[in-house]
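Labels for the chains are A, B, C and D, by order of writing; each one numbers its residues from 1.
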Amino acid sequence: MEVEVFSNDFWKAFAPETILICGLLLIFIIPNLGNSKFRIPLTKVRVPWFLGGRRFKLTGSPAIPGILATGTLFTALGMMVIEAIDGKMDTTTVVSGDIIILQLDNFSRFFEILFLAAVLLASMASLDRIPAHTFEGKKSLEELYDNRRQADFYILMLTTAIGMCTVALAQDLFVLFVGLELASLATYVLVGFHKESKSGAESGVKYFITGSVASGVGLYGLSLLYLEFGSLQLHEIAALWSESSVLGLIALGLVLVGFGFKVSAAPFHFAAPDAYAGANSPVAGVLATASKAMGMIGLIRVLLVIALPETGEEESAVWLYTLATLSVITMTWGNIAALGSTNPKRMLAYSSVAHAGYMLAAMTAVGAWKWGEVDAPADYADTIVAAVLFHLFVLVAFKLGAFLVLGLLEMEGGASRLSALSGLARRDPLIGTAMFVFMLALAGVPPLAGFMSKFLVIAGIVSTSVGELWMNGTVSFSDLHWVWWLALAMFVNSAISVFYYLRIGVVMFLDVPEEGRRKPLPYGASIRMAIWICLVATILLGLSGDTLIDMCYRAADSLNLA
Amino acid sequence: MLIGGLLIIVAGLMAFFPSMSDSDTSVDWISLPLVGFPIIVSCILLAFASQETRARKEVIAVPIRLFTLVASLIPLAISTALFFDWLILVDWDLMYNEYALEKEYVWIESIGVSWHVGMDGLSFPMVWLTTFLVPITIITTWNEKDGATYYPLLLMMGGALIGVFVALDLFLFYVFWELTLIPMFFLILKWGGKDRRYAAQKFFIYTFCASVIMLLGLITLYFLQPEGSGSQYGTVTGRTFDMTVLFSNATAYNMGDSVFLGKDMQNILFAMLMIGFLVKLPAVPFHTWLPDAHVQAPTGGSMLLAGVMLKMGAYGMLRIPIAIFPDAVVYYQDVIMAIGLISLVWGSIVCLGQTNLKKMVAYSSVSHMGVILLGIASMQPIGYAAALFMMFAHGIISPMLFAVCGAFKHHYHSMEIGAMRGMAKWSPFLAVYMMFAWMASLGLPLLAGFVAELMVMIAFWPEYGWWILLPGAVLAITAAYYLWSMQRTIFEGGDEGQPPESLNGETPPDITLSENIGMIILAIFTVIFGIFPFIALGMMDQWTVAFFEGVFNLGGI
Amino acid sequence: MIDPAWVSGLAAILFIIGLWGAFSRKNAIVVLMCIELMLNAVNLQFVAAATHWGDVTGWVYAVFAIAIAAAEVAIGLAIFLSMYGQHETISLDEVNLLKN
Amino acid sequence: MSGSEIIDYAVLIPLLPFLAFPVILFLGRLFNGTPTWVKNVKEGGIIALTVMGASLVLALLVIKEHMNKVGAADVFTWFESSWWNSETGAITTKVFGFGIYIDHLTVMLLFVAAFLCFLINIFSIGYMNTDPINDNRNHRFYAEFVLFCSGMLGMVLADSFLWLFIFWELMGLCSYLLIGFYYERPSAAYAAKKAFLTTRVGDVFLVIGLVMLWNLFEPYAGSQGALSYAVVFDPEKIAMVNPGDLQLALGMMFIGAVGKSAQFPLHVWLPDAMEGPTPVSALIHAATMVNAGLYIVARMFPFFMEAELGALSTLAIVIAVIGGITAVMAALIAFVQMDLKKVLAYSTMSQLAYIFTGLGSALWLANNGYDDLAAFAMGASLFHLFNHAMAKGMLFMASGSVIHEMHHAHHEVAHHGHDDDHHDDHHDDHFDAQSMENMGGLASRMPITATAMFVGSMSIIGIPLIGGFWSKEGIIASAWKVALKEPIFLLPAMLILIGAGMTGFYMSRMWFMTFAGKPKTEVAEHVHEQTPWIPIPLVILTFMTLSAVILAGMHAGHWLGDFESGHYSSFIDGIGYEMEHVFLNPDPFLMVLTYVAIGLSLVLGPSFAMALYGGSLDGDQKAKPWMQWAINLSARVNKNSKFDNTAWANSSLATSLHKRLHFDDVYDAAMLKIVVGFAKLSAIFDTKFIDGVIKTIESTSQEASRRVRSLTTGSARDYIMMTALGTLVIFILLWGVA
């Protein structure tokens, strides 16, 4: 179905996104409602205007933005999930003239659910992480700070969500980039949100500078693509790709850099650990999950939708070796760096780098397929992409969950030393267990979601390398495509990674809590709820991820690869 | 809250597990009673116990201990009843790739994973052994500190181990394979000795690394199988993780002149799978996690670790790589033999050089596991049956060894050989059990360990001839280190005895009643299976014959 | 009319100068300016390409890119400000509490 | 075949004691120290006695039934396992069963075992229960003892080499336990370990031999276990087996026998085994268990009989040579021993060596087609086994009696000397009740014991017409007969001939040192026989030993070797025949040989002993008339001879004899220095190197992590530079491909 922008069908199809925007507007408006009156110019008539002036007590409560944002996100997410679980998603394309701007299909809906889920969990956690206090009584400076910036924070959160959704929906590379920038700019601020702390400000600066450079490079790549193909429409570039000149390649490389930063692939990941360490934990969690997924969308669009050779051609994708190299470097770098890291947030950041490497490896496998030799190459590609999507989705469950646990710790002080976690399992066995489960999931221990996702990714890679060799009856090991070694690299890396994940468990279960952390953990109903959701999702998606796998598969299918 | 979460998970599982065939209405004796029940019960108990305060935990430890004991006796009752046909008539005389009490439910439809369980002559003895050892371990370590969480962990361990043995789906197998690490990790971490932090991590990481390589092999194997359609096959991938399908595929190929997947691929996949199993076994040179884990682990952990967990390696070997890659077995036959011999000899020699009692026993496990490899390399049904019986017998003897070590540590606060002399005077019971266990382990006839050693030797000769001198030498070395250690613990000490300094002059006590009960049960079963090995061997023999016919295409029907 | 190729060349030079400047200069403001330079190169490139193809979307892209650049400057300056508030420097080399 | 054949109950013979083991142990634990248990049940002694009595009765019934016929009965299937034959490709299921097999060999050893075990039991009740050191731990002794008996009886009755080995090991365990009975003594602990380990070395070879045997007979065994006698003794099957391999297998098994029977070079454990409860366990080891090795060699007879002619001769020669060497070596060492039990231990070793030589001859003869001679040699060997067992059993019991009474006497003397401030502690002064240097002149004070010892010694020496004479002459004769055919056999034949003389010396030496002459210590003056139970077995065995002549008359030397041949018709005829055969052999060579042997053992050996150690009793003491003459004779010889042995006593040979020819030192050094040293090195290698690799991986990766993380400098400019570099890398990679 094709719809024109802002037509009736458009609003029907994009109801959740509309709700998001409305929610955003409401957060702008509601806290500012007051008793002010507007004088009609040149007259003395004062019309009640309600914006500004003395704020109403109810609407002016600092708790309002948080609740609004969470509610909005929840509603939007609920609508999407209901839609997605029905599974009868039509493809809705937004056109303007002959330009396709947005497209609502299984793929984009899947990512929207992912983004909204991540942001929702993060904002739920933020309700406690950056608590709103009543205006009564005397406040400490910190509490006043927190009250003042409630609206700012959730506006930025929702903006991030909207930007990400745009990325998911975009069918034009430039639109995609605009969405990306929207989300990025919001996250730059979110990272540096705690400007009263040195590390907050510093991390904001670093993330901003490096991110801007990367997106500048990416944008330049886009402009070159435009120069090469005369359009940034995905389908048009994809159709013309096989005839591209070297300029196309250069452009591809530059665009890769832009997205590489977002997924924090080495060597573009440097700012990520600093950013995660300086940002508050829920935000870092969003960066590690949703933001990364956003980057992956870009990569999928550019590498798989555009730069994949046509079926029947006896060649692999041009970027095959590039991506393979990047993926191995990335996963190894991430894991090795995380190995000795004593700051849990940095450790998680490095582990997130490693996870990026895993996903890049999976993408490589799609490109590695010897397209000419099989009946249904798209099936293989779909399987792998589905695996990547699954991985991205379950990351929200356990990586974000881990960050949320750190967020809980941040509520009573920092969480930037390993010792902050000491004795967590004794202080609060359930939170400790949850954290341990998240760590095991990150390490890929069955039957948790992390295992399932890693398993699927590797299965995808192996399936490509094996292909349809089974038909021959006898197989020589040398017949396997070399991407099989990527699977091995992944496994070796996840074996290394166990070391540092396990260390967290050891610290939590064995060590004595450090000075000043002997009391029970702060309560925080909402953040705990978010952690439980993550925990249950981690276990449940590991035990029976069938529904999600199907969803991922449908999403991958709707890309119409090859 | 966690209980609520668990209930959600259980409910979710229920919803996602439709049975594969509606017509099959027979009772599922495996899934819930043997596997699900212990795991779920222990999860609930852990969730319950973790919510309590420290003081309350000590109070509730007593009922929890009793409850876990009862809960662990239920699987034991079921498995025993299954063996003796008390519940239903089970025919253990199965063809290759036939399983008793087989049950299959869809689990993850998209990639062809099913909850497929069943037992045969290979797995049932191990299942029984596990169900048997868990209550024994609970009884033997009746007074462990922090009981509220300790006993449920043992129970969970048992459930996970049984899961490994009954799984007939590669994915399910791997899930349980890794699941066993977690309770053991905690057992070592929380109840372990001084270096428990290092030992627990080493244990976990070492075995995890190996199994990860195994998993890659399994996945490659998965995709090398032909696509098919049917409820076992994945809707997305078109392949299946069902072992029975895999076995019949492999058999169908191997029966003819052709080789399943081709020789080259067989060899590589075989090696990949074997690495995982060899580390678990453990075979030299992948064994160094074991002494650390054992020395640091609490008694109960060591008992289960040595009793069942090591056997997972041998079980896995026989279940998967050997069953599907018979040509690779032949190709690697000498390598397997060499690894087995090296483990055997090296393990025993290092034992002789140990000063730590538990370390010595740990290395003796390495040595004994080498016997299993020799049995496999012999390519004789009797060798395979010997491997199976070794798994079983060592599963009864080694817990006793570790129970003795644990009691020694518990009562004399030292693990050094020679720290305590004249134990026969101070702790006559412990001395008797020690001597019994040591003797059983060194392969004294009429005790369970001897049968397997004899069978292995018999099977070893026609294939490798004079190399038999090495296992022979090991018999002597084994006797040497055991006797030497007994000389310096049970014996000597003069009339006054010589209690170790670590006791600070207190009178050394004899073992407690619970330890006594646990050890005597183990001792009785060691004797029973030594004098009447046919109880277990009958089933194993039938399995080996079927295996040789089905896998190696030998013998003929 | 100038050949779009020349413009493209200029854009490329601008881009490289911007990128070079971004990592060679210490002052955060100068780095921000370099980033702007890169974005301007992008604008030029879009415009040149639009001329080349005779396609109006290129111009639209350029306008959007300018908006993005503006937003970036706004946010960047705000972030630098907060950095200055905490670290009392705008030299990027001196802000390295977070490392390893 | 009716259901109530006696052989069906034969399984009870080993089973009863086996079951009694846990019962005694358990009851002993339960009632330890209660008066009823100590006084009435003798701490389990009575239970053991009952059981052993029942076993003996059963054994006698079985013997009676199967005196002349081979019997076999299945008992139960131990387990079944399958075997793939690589030639036929068939998989057959093999039955590893346990059954009873009775033939002439069994009958003889069954009698020896059951009878001796019963007597030992009686003796123990007297000996063990009156020694305060054993209070409250005798139940352990009886439990271990019955288990031992079970092993011995089971080994004799088993119908396969496999079960023979199983019971064999069971005995090994019990010997370990009994030697280490006084666990608190380091020497006992050491001896126990040594005994077990040394025999274990032999056992390893035995197992290997059995494994080889299995594989040899497997193709012809069908579904039967290839180690059962029914299979391996089948002449057709033996004929099909490759004799070279068979010889290797049997040779391996022989090494096991060497270990168990304490032959050179695995003999070192036996003297130390005397650490057991004085001297009962010693008795078990020396008189009973060591026969197991002989038994297994004797069991090999059918192989030699049926195998290709001459194919197994090498093994037979090896057996004989080992026997010859051991015979002389042990006798030499026995020359210098002062410990009563040690002398007996070395004597045991030496006599067993005789039997081995005899068996070696028999096997050689059998393998070379001299069936009759072989049967005779076999019979002689087995007869010697019987005689030796009886005599040595008696000797040990007698020595036990001596030691026991010495203890008592010492106790009394000590108590009288300085008031009783040490009640139960008789270890703090270093009186050695076993040393012959503390004895002397006991003949009058312990008449029964002295008599028993006298008769026993004569039997061992081979004084004509008494006990061992008959069999020993047979062995020597057989050996020489072989030597005439096979020159290499001259070596063992010569050795045992010399050994005969040496036996005469050391046995006489022992007797005279103990019983003749004046008491050498105050203690010895106070000795008198007082313990109940002990004399019973002594008396019985004395008659048993003396009655050997009757057995000889019954052609024991023949029918022990072979059921079919040599049934006796009339006792008088029989004894006449034997006499004639021995003393007036038609073969002049053999006759000369006989007289040489008699001369050596009867005249030369005892004469030297008398010259050195003889002496009359105290004036007021008078020994029993049948011993008095010997004492008087010795006194006279001693007085008249000017024989001075100080040169010998101070020679380096004597020194090394005192050190038991350095075997123990060398073995200990090899064990402690080489094996343990190597093991310790291995342990270090294991942790430092094999595990070190793992640790290096870990530390390396930590170092790598530090390096990698140091790249994240914290400066945003560096990050941008890395981004630019990354861009460059991407270009290079893309360009390289395109």
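Everything that follows uses one rule, which is that contacts are C-beta pairs under 8 Å (C-beta built on N, C-alpha and C of every residue); 3 or more make two chains touch, one makes a residue touch a chain.
Please read all numbers here as calculations on a predicted model, not as lab measurements.
A.B. asks: Hey, which chain is the most central one here, using CA centres?
C.D. replies: Central chain: B.
A.B. asks: Count the touching C-beta pairs: is A-C or C-D ahead?
C.D. replies: Per the contact counts, A-C leads.
A.B. asks: Return the distance between the CA-based centres of subunit A and subunit C, expressed in whole Å.
C.D. replies: Taking the mean C-alpha position of each chain, the two centres sit 25 Å apart.
A.B. asks: Take the average of all CA coordinates in subunit C, do the same for subunit D, and state the distance between these two points in whole angstrom.
C.D. replies: Measuring from centre to centre gives 98 Å for this pair.
A.B. asks: How many Å are there between the centre of subunit A and the centre of subunit D, using C-alpha atoms for each centre?
C.D. replies: Taking the mean C-alpha position of each chain, the two centres sit 81 Å apart.
A.B. asks: Taking the mean of the C-alpha atoms as each chain's centre, how many Å separate subunit B from subunit C?
C.D. replies: 63
A.B. asks: Which residue numbers or ranges of subunit D touch two or more of the other chains?
C.D. replies: In subunit D, 709, 712, 714, 716, 718, 720, 723 touch at least two other chains.
A.B. asks: Name the residues of subunit C that each touch 2 or more other chains.
C.D. replies: As it turns out, subunit C has residues touching two or more other chains at 19, 22-23, 31, 92, 95-100.
A.B. asks: For subunit B, which residues are shared contacts with two or more other chains?
C.D. replies: In subunit B, no residue touches two or more other chains.
A.B. asks: What chain pairs are in touch here?
C.D. replies: A-B, A-C, A-D, B-D, C-D
A.B. asks: Write out the stretch or stretches of subunit B touching subunit D in their complex.
C.D. replies: Residues 202, 206, 284-285, 287-289, 346, 349-354, 379-382, 385-386, 422, 424-425, 439, 444-446, 450-451, 454-455, 457-458, 460-462, 468-469, 472-473, 475-477, 479-481, 483-484, 486-487, 490-495, 497, 532-534, 537-538, 541, 544-545, 548-549, 554-556 of subunit B touch subunit D in their complex.
A.B. asks: Which bits of subunit B are touching subunit A when the two form their complex?
C.D. replies: 1-2, 5, 8-9, 12-13, 16-17, 47, 50-51, 107-111, 174-175, 178-179, 181-182, 185-186, 189-190, 196-197, 200-201, 204-205, 208-209, 212-213, 215-216, 219-220, 222-227, 235-237, 253, 258-259, 261-265, 268
A.B. asks: Which stretch or stretches of subunit A touch subunit C in the complex?
C.D. replies: Listed in rising order, the residues of subunit A that touch subunit C are 99, 174, 178, 181, 185, 188-189, 192, 195-206, 208-209, 212-213, 216-217, 219-220, 222-224, 226-227, 230-232, 273-274, 277-278, 341, 346.
A.B. asks: Can you list the subunit C residues touching subunit D in their complex?
C.D. replies: Interface residues on the subunit C side: 19, 22-26, 31, 92-93, 95-100.
A.B. asks: Quick one: which bits of subunit D touch subunit C in the complex? Just the residue numbers, please.
C.D. replies: That would be residues 709-710, 712-718, 720-721, 723-724 of subunit D.
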